Each structure stands twice: as C-alpha cells, then as structure tokens.
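Note that chain A is present in both complexes that follow, paired respectively with chain B and with chain C.
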Partner chain A sequence: MLRAAAVAALVVLAFFLPRLLGGTSVVYSTLTTIAIFAVMCYGVDVVLSYLGEVSLGHTLFWAIGGYTAANLSVKYGLNGWSTAFATIVLSIAAAAFLGAVTLRTREFVFSLVTYAAAVVAYEIAFNWEAIGGSDGIVGISALKLPFGVATYTGATQEELWPIAFALLLATLAFIERFRRSKLGTTALMVQMNPPLAASLGVDPRKVRLAVFVISAPITGLAGWLYAYQRAYVGPDMFETYFLVMMLTAVVLVGRRVLIGPLIGTAILIVQQNLLSLGGDWNKIILGSVLALVLIFWPAGLIGLFRRFVKSNA
Partner chain B sequence: MSKSIKLAIALLLGLSAPAMAQDIKVGTIFPLSGGAGPDGQSVTNAVKLAIQEINDKGGLLGRKIALVSKDDESTPAVGVSRANEMIAEKVDVVIEGWNSPVTLAMQPILARAGILDITAVSKSDLILAGETNPLAIRINSSNGFDAGVIAKYVAETLKAKKVAFLTQNDVYGNGFQAAVEAEFKKLNFAGEVTTTEKFAFKDTDFRVQLTNLKTANPDAIIVTNSSNSSGLPAMVEQYRQADLKSAFVGAVGIMLPTVFKVAGVANDGIVSADIYFWDLPPFNAIPESNSFVTAFKKAYGVEPDKSAALGAAALQVWARAVEATKSLDRKTVAEAIRGKTIKGTLFGDAQFLPNGQLQPRYVVFKVVDGKTAKLEALK
Partner chain C sequence: MNIAQQIVNGLVLGSGYACIALGWTILLGVARLVNFAHGQLYMLGAFATWYAITKLGMPYPVAILAAIVALAVLGALMQVTMMGLVMTQNLTSLMIVTLGLGYVLQGGSALIFGGNPQTLPGTLSRAKVDLGSLWFTWQDVLVLVATLVLYGAVWLFTQRTRFGSVIRAVAEDPKLAELFGINARIVYLLVFVFECSVVALGAALVAPRSPILTSMGFNEVIMTFVVVVLGGIGSIGGALVAGLGLGLFIAFFGAFVAQAYTTAAAFAVLLALLVVRPAGLAAK
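Take a look at the complex of A and B:
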C-alpha cells in the first residue's frame, strides 16, 4: 500500500518535472525526447536483458514506427490511433519474420543477421520513392488522438509531453509485468540455465521468438511518436546514432534494472545537449563509454555501485 | 552602501547589460564534425566574415550582430536538438543546411517557433514545397534549374544529335536524368537519347559502362556522380583510358576541388556548370564578391568555394532585407525576400522566386588545365 502510494507520488512528480525545471520549450522538448528514446531503448532492453542477445536490428522497428506514422498520416490522413495500431501490426510481423529466420542463431551470428536486416531495410527505404526515398517524408501534421467526441492534438512539445509520458509509463508497466510473467521468467531460465529449462520441457526456440516479437512494438511505438515530434521521417532513422544510443543506454546503468534504460537515456541526452563537447568528441565519448562499460563493468553502473558498497561494508 | 558604489553599479549595469541584450543574434547550424565537418566550417566561417563586415560598418539597425554557431553532426536528430537550442537562445534568424535530411528535420521546428530560417546549401526540392515551412528561402540552386542549364548546353550549344546518360542509380542521379529529359522535351530537342548506363554511388570501376558507351559513341555523355573524392575521379581517369570521343558533360556542382586533386590532367576538356566562381565572370566584376574574397583569403588563407559564398550570401540577403524593412519579424523579412530582388550581395542583384528560391546565374565552363583546376567560362 505504502509502496503503491510512493510510486503514484513519483509518477505525479515526474509528470510535472518539465514545469519544475522551468517549463520552457527546450525543457519540454528535451524531456519528451528522453521519454521517446527511453521507450525505444526498452525494446532492445527486453532482448538484451532476458534473452542475453544483442539485437543490432531494432532500428528497423524504430523506422517501421516512423515510416508507418508518416506515410499513413500524410497520404491517407489517418489519426494517431490508426497509425499506432498499424505500427504494432507491422512491427510484430517484421519481428516474427526476423525472429523465425534467426531462430537457430546465437550471439555473434544473431547480432550480425539482425544488423544485416537493418542494412537491407535501410537500402530499401533509401531507394524506394513511394515511401519517401532518400529525401524522406515531410509535412507530417500534428498528432491527433480522438477520444469519443473530443480530440487530443499534440502539435507543440508541451502537448506531446503527456503522450510521451503516458507511453513511457505504459512501457514501464508492461516491462514490470513481463519480468514477473511466465514468459519473462522462462526466458531468463533459458538464458541462464539451459539444461534446467530443457529438463522442464521448455522449448527455447519458442521462448526466444516470443520475447523477440514482444520487443518489436515497444521500439516501434517510440518511432511512431518520434515521427510526430519531428514532423519529418527519413532514412536517417536507421542511423547508428540511434543504435548506439539504444545499446549504451541499456548497458550503462545495468541490465535487468527496471528504470535502467530510462536513466541511461537521460544521462546520454543531457550530456549531448547540455554538456556537449562537440560532434566528434561526443561520438568518441559515447563509443568509449559503451566499450569501457562492457569490458570493465558488464553489470553497469549498478554493478559498480554494488561492488563499491560491498568493499566498504 | 555608499552613493558612489550604487552609482558605479548602476553605470555598469547600464553599460553592459542592455548593450549585450541589444545584439541581434544570427544562428548557424552546419556539420562542424565528421566527414562534412570541413565544409560546414567553411560555410560558418563565411557567415562570420559577412557579419564582421556589417559590424565594422556600424552594425545592423544600429545594433551589433552576434553569431551563435552549432554543429548538426550531419544527423537529423542532432540538428533538431540544435534547432531547439536556437529557439531557447531567441536567435533572430537561422542560416542552416548542408544535408537535405537535416534541413527537412529542422525546418518544421524553427517554423513553429516563428524563427526565420534560410537554407544555404541543401538541395532537396522538398525544402521549398511549403509543407514544412511556408516561408522557406534557399540560396543554392535547385535540381530543376541545374538540369535546365545542362540540357540547354547539350541541345543548343553543342547541338548534339546522340546523347547518352551515365547516371548514379539513386534519387539524385535518376532525378537529375529525368529532369534533363523533361527539359529536352521543353526545348523541342531534335536529337535523341540513345544510351543510359547506371552505376551505384560507391562504385569505383566503370569500365563495363564506359565500354558500352564507347560502342554507342554519342556526341555527349551527361554524367551524375556525387562521390567526389573517389568515384568521380576514378570515372574521369577510366574515361580517358578508354579514349572516348564523346563530350563529358558533368552535372552542376560535381567538379569539386577533390576531383581536380585526384584526377588532375584527366579532367581536361570536361564541361560542367556551377553558380559561383570567385575568379570567373560575372563574379570577378562584382565589388561585394571581390571584397569578400579578399577578406576570406586574409582570414583563412584559401579562396572561398561555392558553399562559402552561399553562406555569406545568405547573411547578406537577410541583412539587406532587415535594413529595408527595419524589422526582424520572420514574416516581414521573409516577404521582403521571397519574390523580390535584393541588391548588393556577392551574387550581385539576388533575384528570388515567389517560392523563396534564389534565381541562380550559371557559369558553364570547360576545364582548361585539370592539374591547376583552371577553368574557362563558355559563352
């Protein structure tokens, strides 16, 4: 009961965070971006934390969300619910296909195949004029979410913040449930103790496919909202900028920590926007952080913190 | 607190704070790091010089201009963050754009915030489509105009009967070819397009395509190739080795310094066109261009290229319009530029079309000495 109240208080506080930080348009846009990017990272987090696999192909689902929102809203004038629904369907379909193809692959090969899929998709998006081509799609109108008689319109960063916040909250609730679900615990068992899983009659391939498919619409919906925030979608959604962001944000704080990717994303965006050292240096830092964390503290900042506490105790 | 200290503080505040607040802020967003970094720095430097020139003459509307420069890292997502920072800094105008996707991503952000946005270099036609920014302004030439000048040269000056295309197989290459073919139709071109050979952006071996073209033996081959550091120099070398007799007509803007540096004498005889050369007419007779070239050489030790000129021209156009309207308002200034002629820029009298596109003045040229990049303007 007390815990629920504390969580509720924290949620309310987080919702008003932009206003507490001054309420300027930059604060709103930065926090909205952090929320969207964090949701994007949670898709990768599910695969990395519970399957122990590094997906280099999640930019594909991110782009599916962006391209679906852009194409359907610009060409057919569909509202936000329809484009979100289409995003979920398409990203699940793509993940089911990619998951089935990579069913027998592990570790390095899995990463390579998912990366190859993203590269192929990038080439298609870059060259296929009907969905935007190398110039992308402009003129995405404001996000419209009709609720019965009234319609919520997200045109400005201030108006998009509640939507991004709700999406982030829904994602956190989903991940929290997933961690305790049968699928979540089985996935962890398949990763940590394959013989035990086998002796219990678990089909690891089924579990892997299910987890991979579940992860896709999370990143996809982040891409969906990003399209409305930016009002422009192009093949840059496949850029390594997003891929490195996803991986670093997840491993930085530590795997299997519920708010880990959120904190990781916040740290990275704040560094880039407020403590920027210039383009080349930012990339060097981001790459080095990723490498250093993986080499020295595979358990992330949380692991480092725990080790520190232990050695002091 | 004694009276004199109070007075001193009041004086200090009175002198420093309002003077700072009165500065007019010009923002630039170009790639300053990564592969396009040197190009973006050159454009930014050019804007800085153009600002300095105005400040040296007493400023704009009696106020000094301050530059706020940011790096988009050639990444649309980063450009969007930088555009938001410009909004926070309350700049009066943003001059931006090396890569079209970055421009397209930043445009709606700046437009919604009511900040005037001038695109210096990015070429996509979508930038002027009006969907993301109804008050768009662009200095660099558009693909449609570029195609027009090349088509006209091939059809009317060269009077070619048989024409071939050697086309980069992507939106840029195919789009340019389609535009040239459309221009041919408009000109009632008597000749015909006999051959089209395609290649990928990353290709460096064109011998198969060149052999086919040699067999076809057209009067002119129209070439698009935007890989200026490897693909195009290799193509030029192989073109000479294959000993083709057809005229090599390069698309607008592809003959960059790297092509001359790598392929050297093999470039001799190539015909192409561009919209600014500091040492060729009409630009070497424009006083604003000459003084800019002198200042640029003095400050940075090199001659300004086209993109540097585009950056400086963007600032000059904006400043003249602000001067004329005595306003910094986005709509007022944009409307004084779109569809109007701005005098006294390094492009001479800069004439803008109603959609915000600067009407380019092309120089069709022939490479006389590829080694020193010496060009000759064709009439």
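Take a look at the complex of A and C:
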C-alpha cells in the first residue's frame, strides 16, 4: 500500500519534471528524447538482462518503427494508432523471421545474424526509393491520436512529452510484468542455470525466440515516436550510435535493474546534449564507457554502489 | 566475353573477402573468440597504410609492414584489456566489448585522419593488365597470390606444427591446457595479435581498390561473417573456398541483378544456409 503510494507519487513528480526544471522547450525536448531512448533501450534490456544473449539487431526494429510511422502517415494519412499498430505487427514479424532462421544455431551466430540484418537493412533503406531512399522522408505531420470525438495532437516537444511519458510508463509496467511472468522466469533460469532448465524440459532456443520476439515491438514503438519527434526519418536510424547507446544504457547502471536502462539513458543523453565534446569525442566516450564497464565493473554502477556500502558497513 | 570477365571479377573480389576473413576464421575457429571490431580494424589498417605512404613518405611495401606492426600493437593492447573476459570465456560480454572498442576506433580515426575520403597512392591498382577482352590490375594479382600463400602457410602452421595443436588445446579447454603447462593467456594474446596483423595486411592489399573512409568497415564485416559461417566455423580450407565462391556469386549478382544490393544478397545466402545447414557447409 505504502509502496504503491510512493510509486504513484514518483510518477506524478516525474510527469511534472520538465516544468520543475524550468519548462523551456530545451528541457521538454531533452526529457522527451530521454523517454524515447529509454524505451528503445528496454527492448535490448529484455534480451540482454533476462535472457543473457546479445541482440545487435535492435536498430532494425527502431528503424522499422520510424519508417512505418513516416511512410503510413505521409503517404496514406493514417493516424498514430494505426501507425503504432503497424509498427508492432511489422517488428514482431521481422523478429520472428530472424529468430526462426537462427533457431538451430549457436548463440554467437544469433548475434552475428542480428548484426548483419541491421547492416543489410541499412543498405536496402538507403537504396530503395519507394520507402525514402538515401534522402529519407521529410515533413512528417504532427502525431494525431484520436480518442472518440476528441483528438490529441503532439505537434510541439511540450505536447509530445505526455505521449513519450505514457509510452515509458507502459514499457516499465510491461517489463515489470515480464520479470514475474513464466517466460521471464524461464529465461532467467536458462541464463543462470542451464542444467536445471534442461532437466525441466525447457528448450533454451525456443525461449530465446520468444524473448527476442516480444522485445522487438518495444524498440519499434520508440522508433515510431522518434519519427514524429524529429518529423524526419532516414537511413541514419541504422547508425551504430543507436546500437552502442542501447547496450551502454543497459550495462551502465546494472543488468536486471528495472529502472537501470532509464537512468543509464538519462546519464548518457545529458552527457551528449549538455556536456558534448563534439561527435567524434562523444563516440570515444560512449564506446569506452561500454567496454570499460563490462571489463572492470560487470555489475554496473549499482554493483559499485553495493560494494561501497558493504565495505563501509 | 562478359561471363569470363565476371569470373575474373569474382576471383578478384573473392580473394579479397577470403584475405580479410582469415584472421576472423582463426580467432573464432581456433580460439573461440568473436571480434566485432573487425570492420574498424580493417578501416584502421587501410588508414595506417595510407598515413605511412602519404605522410611518412614510405614506399608501399614498407607501409604495409608499418600497418601490420601498428595493428599488432593495438591488438595486443586490446587483448590485454579484455584478458579477464577471455580467460573466463565470457562470450556475451566480449562481443559487446569489442563492439564498443570498434566504436572508439571509429571515433578516434575520424579525429586523427579526418572525415574526407582518401585514396592510396603508389600501389599497383593503376597497373592494368589486358588479356584479349579481359582486364584486371596487378594489385588484383597480388591480392590473389598473397591470399593463397597466406592460407597455405596458416594451414600448414595450425595442422603440422606443435604450436598449432597447442592453440587448439587452449580453444578446447583453457583451464585444462594450463594444467599441462601451457600459458593460455599468451596463446590468446598471440592469436588476437595475429588476427589484427592479418586484417591489417588484408586492408593494405584490398583497400587500394577504392577510396577509403573512416566510416567504412561494415560491408567487410558482413562478408567476413558470411565467409566464416559458409566455410564452416574455423575451417581454413572452407573459408578460402567460401570466400572465392562468395566473390563469384557477388560478381554475377552485381553484374546481372543489382549492384546496390550485393551485401543484402550475400546475407540472403547466409540465411538460407543457416536454415538448411546450421553448422555451415563444411560440417560433416
């Protein structure tokens, strides 16, 4: 009861955070970006933290979301609900295909194939004029979400914030449910104790497929909202930056921590937006953080904090 | 004779794929390690060669040696940093760490070498050979010969020398190998240094064919995956055949279907193969 009240209070506080930080359009845009990127990272989090395998193909789902939103809204004038639904269907289909193809292979082949899929999808998106080609699609109109008679329009950063916030909350609720679901606990067992899983008749490869498939629409929906936020999509959605960002945000704070990827994303975005040292230096920082955390503090910042508390107790 | 020319082009492309993939084959097959910085190491090898030729005034053969040494040192540094993960065979973390290091290399190279495309002067890629209606360059001949020699040497080394069996013992079980007095750390270090130097050599030979950019490396890495998986993971002969076969396929696909989608075509081959023979073509 007390816990539920505390969570509710935190959610309300988080919702008004942009206003508390001054309510300028820069604040709204930074926090909206953090919310969108955090949702993007949660897709990878599901696979990496609970399954213990590496998907290097989530930029593909991210781009599927963006390209679906852009193409369907610009060419067919569809509203936000329809484009979101199409994003979910298409990203699940893509994940099911990649997962099924690698079903019988070893785990690192799965990572190779997901990585290659994203690079190849980039080549296709870059060359295929019908979906935007190398120029991408510009001038995506404002996100429109009809509720019965009224329609919510997200034209400015300030209007997009409630949508990004709702998407983030829904994602957190989904991850929390997943952690306690049968699939979530089975995935964790496959990762932590493979002999036990095998003795219970669990096929780790089928678990991998199921977890991969449910992770895809999470990152997909983040890409969907990102398209409306930028009003543009292009082949740059496949950049390694997004992949490295997703992995770093998950490992930075610590795997299997519910709000870990959110805090990780916030730290990284604040560095890139407010304390930027220029594109190339930001690459060096992001890549080094990813490598160094995994080499020296595999348990992330949470692990460091716990060690610190323990040694002082 | 367009077909004959495409066969020549295919052999030229394929020997390049095989040459770049050799280090990865050894690393994955013999030491069971995965390196996602491979594409960026290729890029760095090309730029190291370019830097040695244009800024330090070295002739091409010396520049190749300089690039090999530079990447060997870099590889040793990378491997020493990752040694903890390597010894515990933490493949999940290793894949992510090498990806992160690749990203650092990309950012660092853009800072050092700038964002403009460059060409490698002083190589043999301008020296054309015309044989009737066929044409290729002396650089292509050099790549093909060097690839065949390298594969032969590596095959002899891993199959016929004591050190080759030591490497395979470490790959099977590093802890057990240590009980027999083998220093697994040194073996892993040497294998990784070998991977980096051979990719530098591959880059120095193959990269002069086209302009080089610090953002390149992705296509090379995909072709390397396809070659390694197609050839049967860790099979040296398999990788050579797969490289040449893939080159022929890409040459014909590019000439008769679509030049823009060659990487996608190679990937489609890989997917089809994974469904039919998940362990690769060379597997029994």
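Rule of thumb we're sticking to: the second predicted complex is superposed on the first by the 310 of 313 C-alpha atoms of A that agree within 3 Å, B and C clash if a C-alpha of one lies under 4 Å from a C-alpha of the other, contacts with A are read in each partner's own complex, and residues count from 1 in each chain.
We adopt the following convention: a contact is a pair of C-beta atoms (placed from the backbone, for glycine too) under 8 Å apart; a residue touches a chain by one contact, two chains touch by 3 or more.
The shown structure was predicted, so the numbers you read here are calculated from the model rather than taken from an experiment.
With both structures placed on the common chain, the touch criterion links A:N127 to chain B and to chain C.
Shared-chain residue A:V26: touches chain B; no touch with chain C. Note on chain A: of its two partners chain C and chain B, the one contacting more of its residues is C. In the overlay built on the shared chain, the residue A:F16 is in contact with neither chain B nor chain C. Contacts of A:D280 after superposition on the shared chain: both chain B and chain C are touched. In the superposition on chain A, A:V138 makes contact with chain B only, while chain C stays out of contact range. In the superposed pair of complexes, A:A117 makes contact with chain C only, with no contact to chain B.
In the superposition on chain A, contact of A:Y152 is made with neither chain B nor chain C. In the superposed model, A:F308 makes contact with neither chain B nor chain C. When the two structures are aligned on the shared chain, A:V101 is found in touch with chain C, with no touch to chain B. Touched by chain B in one complex and by chain C in the other are residues 127, 279-280, 282-283 of chain A. Interface residues of chain C facing chain A in the complex, by the touch rule stated above, are 34, 36, 81-82, 84-85, 91-93, 95-97, 99-104, 106-108, 110-111, 218-219, 221-222, 225-226, 229, 260-261, 263-264, 267, 270-271, 274-275, 278. Only residues 24-26, 29-30, 33, 126-127, 129, 133-136, 138-139, 155-156, 230-232, 234-236, 239, 241-242, 272-273, 278-280, 282-283 of chain A touch chain B when the two sit together in their complex. Chain A meets chain C in the complex at residues 48, 52-54, 56, 101-102, 104-105, 107-109, 111-113, 115-117, 119-120, 122-124, 127, 240, 243-244, 247-248, 251, 279-284, 286-291, 294-295, 298.
Interface residues of chain B facing chain A in the complex, by the touch rule stated above, are 31-34, 37, 71, 73, 75-78, 80-81, 84-85, 87-88, 100-101, 104-105, 107-109, 112-113, 124-126, 129, 131-132, 170-172.
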